[in-house]
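Below, each structure is written out as structure tokens.
Presented sequentially are two complexes of chain A, the first with chain B as partner and the second with chain C.
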Partner chain A sequence: MYHVALHVFKESVRDKVLYNLVLFAVLLMAVSFLIGQLTAGQDVKIIKDLGLAAISVFGLFIAIFIGIGLVSKEVEKRSIYALLAKPVRRQELVAGKFVGLALTLAINIAIMAAVYFAMLAYYGWTEPETVQRAWEAPAADPRLLKPIVLIYLQLLIVNAIALFFSTFTSPLMAAAFSLGLWVAGHFNADLRAFDTVVDAPAAGALGTALSYILPNFASFDVKSVVVHGQDVPLGFIGMNAAYAALYIGALVIASAMIFARRDFK
Partner chain B sequence: MIRTEALTKDFRAGFWRPRPRRALDALDLHVEQGEIFGLLGPNGAGKTTTLKLLLQLLFPTSGRAELLGRPAGDTDARRRLGYLPEHPYFYDYLTAEELLEYFGRLFGIEPAARRRRAAALLDDVGIGAERTLPLRKFSKGMLQRVGLAQAMLNDPELLILDEPMSGLDPIGRRDVRALITRLHGEGRTILFSSHILSDAETLCSRVAILAKGHLAASGTMRDLLSENVRGWELVVRGLTEPARAALAARGIDAGALPGGTWLVTLGPSTRPEPAIAELAAAGAELVSASPKLETLEDVFVRHIADDTRAEGARA
Partner chain C sequence: MRRHRAVVALVVLAAGSVALQAARDARYGTIADDARMMYLQSGEVAGRLALEYDALAADLYWIRAVLHYGGDRLHDPGTGRYELLYPLLDLTTSLDPLFQIAYRFGAVFLAEPPPGGPGRLDQAETLLKKGMAASPGKWQYPHDLGFLYYWQARDYETAASWFQHAAGIPGAPEWLGPVAAGMLARGGNREQSRDLLMRILQDADHDWLRQVATRWLRQLDALDQMDRLDEMLAEYVRRAGRRPASWLELIRAGWLPGIPADPAGYPYTLNTTWSTTRLSPDSPLNPLPEELAR
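Moving on, here comes the complex of A and B:
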């Protein structure tokens, strides 16, 4: 599994798409910096908010576009034949693919986070103290690491979703399903309360059932809280991490089970 | 070394077609240790399906397969075998050296031994100079050579090669034939599929001929190639028209060849000696006389034709 994970990491690192995505994320953060400077009063909050959004969106692109190719590209390009003839269990291969992309994501998020903090620190350093006194929290607030950790956990779920679909569908379908679940996952709370807004009990029950099956990404989103200088308790992060671990575990096991019985024509 | 019992594979023909397509039908096959075994058949005969079932890239609909005394797909068995897929393709962003490095890790080969073995194998298959080039820059023939190198990485007891000559130029084919002979000489068992019959005829100790998923024939080359002489071919020079007409009157065909020579074809029931004497008396000079023996191609065509007829009768 370890060798497969390292191979995925090497593959991702050599993929030009990855560099383009990181570059775009850094550019977007720089743009948020400019927008912030043009906006009186709310500047630091806008920089913080847009920076976190950039990390989240570009992390999502990396998770989906690399995740969907993890297995399907091997099948499409036929490199899977020689690989599966080696003494590697198919389940190990799936787990290795997940770990490899999780590692790639971690490094990319770390790079984007470093740029984000450097930019905030520079902004804080250039602003006069009188302006800084009006801020709810310092520019390079260490508490901003918490939403970044939560973004990473969300992306790990997306990675597992992309991997799951890539074990039995084409890359295009896997991308569509993964993006669809990402969007649906952000409306999970609305789905859970669906029975309170509809008269039909069956539709309400279906909405509730779906809310338990679909990932709940809304609970990971604490950007607005942290940007306004409020703290996120560690217990909250722990609960979300446990939820992510369970969800990812179920998806990776399901992916491994599908992959283990798949025919490669 | 390899044994299949009633190995059968059906493929779903499509979502709206419930009746599956049978790609392999109750194949019984055994390959003994130290053999070079050829799996022959036209396109779509089930050769690749058989090899994929042996490696558990496909799961059988029914029947069983065993390799190296273990069920197909067993991880320990895979440690002791090498596989070259048909039209191999590897990772674009890796070099040949890195690919062998990656696969070597999967086999658990020690780093120093891995590097040594990778370098030796790439030299062996003739791409040592290109070892640091990305695989995306490799031609089809070069990828085939990389495929052979990765199949030999773990010093396997058993090699399963799917169309090993495919994509190679004549020099490449000669090299691969020599490689297979050498690997066999080292005591390895080799199972390969091919539709190039001359290669199989040169290399194999035993062959199986597949036709539309059925085993049409199998056995040693001696079993399959009838040793009976199927006629004679005499090449003569200076054949006069009256002599040619005399031969034709007895149903013996004589066709003109380039350079003023003639090819006289005798049937299986005609001995060559009287014809040679008769031609000499008519003033013709004998250049060569050779018996016509059955080739693997004759056997192949005969069995494929028999199988097609049998299928027609069943339908």
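Moving on, here comes the complex of A and C:
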């Protein structure tokens, strides 16, 4: 499993996935340079918002567009035969693919977070104290690590979803399903309250059931709260981490089961 | 060789597209639809569409609100001036209910009378009350509403009640309570206004608030200067037995060192019929707070 994971990471580096880091840094620097004149003193808030959104979007693209090819690409390139001929179990192969992409995501997010904090620290260092007094939180606020951790956990779920679809469908369909689930996962609260807007009890129950089955991405979003200087309890992050672990575990097991039953002849 | 040709073709095509755009704009101007409208009106819908990027969407609407206000303030669009300011701020604060400056900046500029703003104290109040509902612990919102009632509406009773409300919130400055009591006792006068504005200026944590408070203080200074000039004009009329035809007459007589200018640097206008002083119509200090004028 370790070798498979390392292979996935090396392949993502060969695929120039790390180029997005340059784009991220340029985007942040360009925006911080441009927005100062437009935002009536809200530049640091906007840099924080934009940085967190960019980490999330870049990570989402990596998780989906690499995740959907994890298995299907091996099948398309017929390299799956060589892989399966090696002394590695199919379940280990699937788990290794997941861990490899998780490692790629971790390194990407860690570097983006470092650039983000460096940018904010520079901003805090250059602004006079009178301006800083108006900020709700310091520029390089360490509490910003919390939304970044939650973004990572959310992306791990997306990674597992993409891997799951990758085991039995084409990359295009897997991308569509993964993106669809990512969007649907933000409307979890609406599904849960479905019984309050419909008369049919069965439809209400179905909505509630779906809200528990679909990934709940909305609960991972604390970006705006932290940017305004409010804290997020560690217990909340812990519960979300546990939820992500369970959900990912279920998806990886389901992926392994499907992959184990596939016939590549 | 082939690569060089490709590079040359690339440069020629890129330069050609730039030149063509410039030529088109020079000949036809901008025909693009510049309708002043908002495609999205509902904060709830915008929040759903933004998924987890609602804070970023709020930032975009905030920038649009600042550009809309600044654009209309600098260039009179003719009709519908500032008409999008409230909807844009409402959307911004719906997407990010903790966006403090959007409530405060928005309220101050919504209540500002024309030409500096739309003069909509009602919208300013709605926005600040929305802020109070989102963050009941922020004393700044009732404080701002109290001040707007004091400065723009001259409704001292309502202003005092909002200052009292703000004073009751933990963390509020201690001077709020006495100011509210004084407001109820004495109503509005320049001394009290100046005192209040100086406190706002000292406590202001944003540049734009400092600028607004400074402008209001300059308006008070202009009122004081105009009073002194009017007294001097009355004295001149009494001694000379006629009304001065222009400021030059007073300068030649040695009563003034030069043409008097308001704190913004614009020369005062002399009303020769009544021998009174007025602000230049071009002065950014217009309109002066009427009730404090005399």
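FYI, the second predicted complex is superposed on the first by the 250 of 265 C-alpha atoms of A that agree within 3 Å, B and C clash if a C-alpha of one lies under 4 Å from a C-alpha of the other, contacts with A are read in each partner's own complex, and residues count from 1 in each chain.
The criterion applied here is as follows: a residue touches a chain if its C-beta (ideal position, glycine included) is under 8 Å from a C-beta of that chain, and two chains touch if they have at least 3 such contacts.
In this text, all values refer to a predicted model and were calculated from it rather than measured experimentally.
J.: Report clash or fit for the pair chain B and chain C bound to chain A in the combined superposed model.
T.: Result for chain B and chain C: fit.
J.: With both complexes overlaid on chain A, does A:Asp49 touch chain B (first), chain C (second), both or neither?
T.: second
J.: Applying the document's definition of touch, where does A:Ala85 land relative to chain B and chain C: first, second, both, or neither?
T.: In the superposition, A:Ala85 touches chain B alone.
J.: How many degrees, to the nearest 10, separate the directions from chain A's C-alpha centre towards those of chain B and chain C?
T.: If I round to tens, I get 150 degrees.
J.: Please work out whether A:Arg133 is in contact with chain B alone, chain C alone, both, or neither, and reply first, second, both or neither.
T.: second
J.: Counting residues of chain A in contact, which comes out ahead: chain B or chain C?
T.: Comparing chain B with chain C, the partner touching more chain A residues is C.
J.: How many Å separate the nearest C-alpha atoms of chain B and chain C in the overlaid structures?
T.: Distance of closest C-alpha approach: 22 Å.
J.: Just which bits of chain A does chain B share with chain C as contact spots?
T.: none
J.: Applying the document's contact rule, which stretches of chain B touch chain A when the two form their complex?
T.: Where chain B meets chain A, its residues are 11, 52, 55-59, 75-76, 78-79, 81-85, 87-91, 93-94, 102-103, 105-108, 147, 150-151, 160.
J.: Quick one: which bits of chain A touch chain C in the complex? Just the residue numbers, please.
T.: Residue list for chain A touching chain C: 35, 38-42, 45-46, 49-50, 52-53, 56, 131, 133-134, 136, 183, 186-187, 217-218, 220-221, 223-225, 227-228, 230.
J.: For the complex, give me every residue of chain C touching chain A.
T.: Contacts found on chain C: 48, 51-56, 58-59, 62-63, 66-67, 96, 98, 100-101, 105, 205-208.
J.: Using the touch definition from the top, list the residues of chain A that touch chain B in their complex.
T.: 3-4, 7, 10-11, 14-15, 77-89, 261, 263-265
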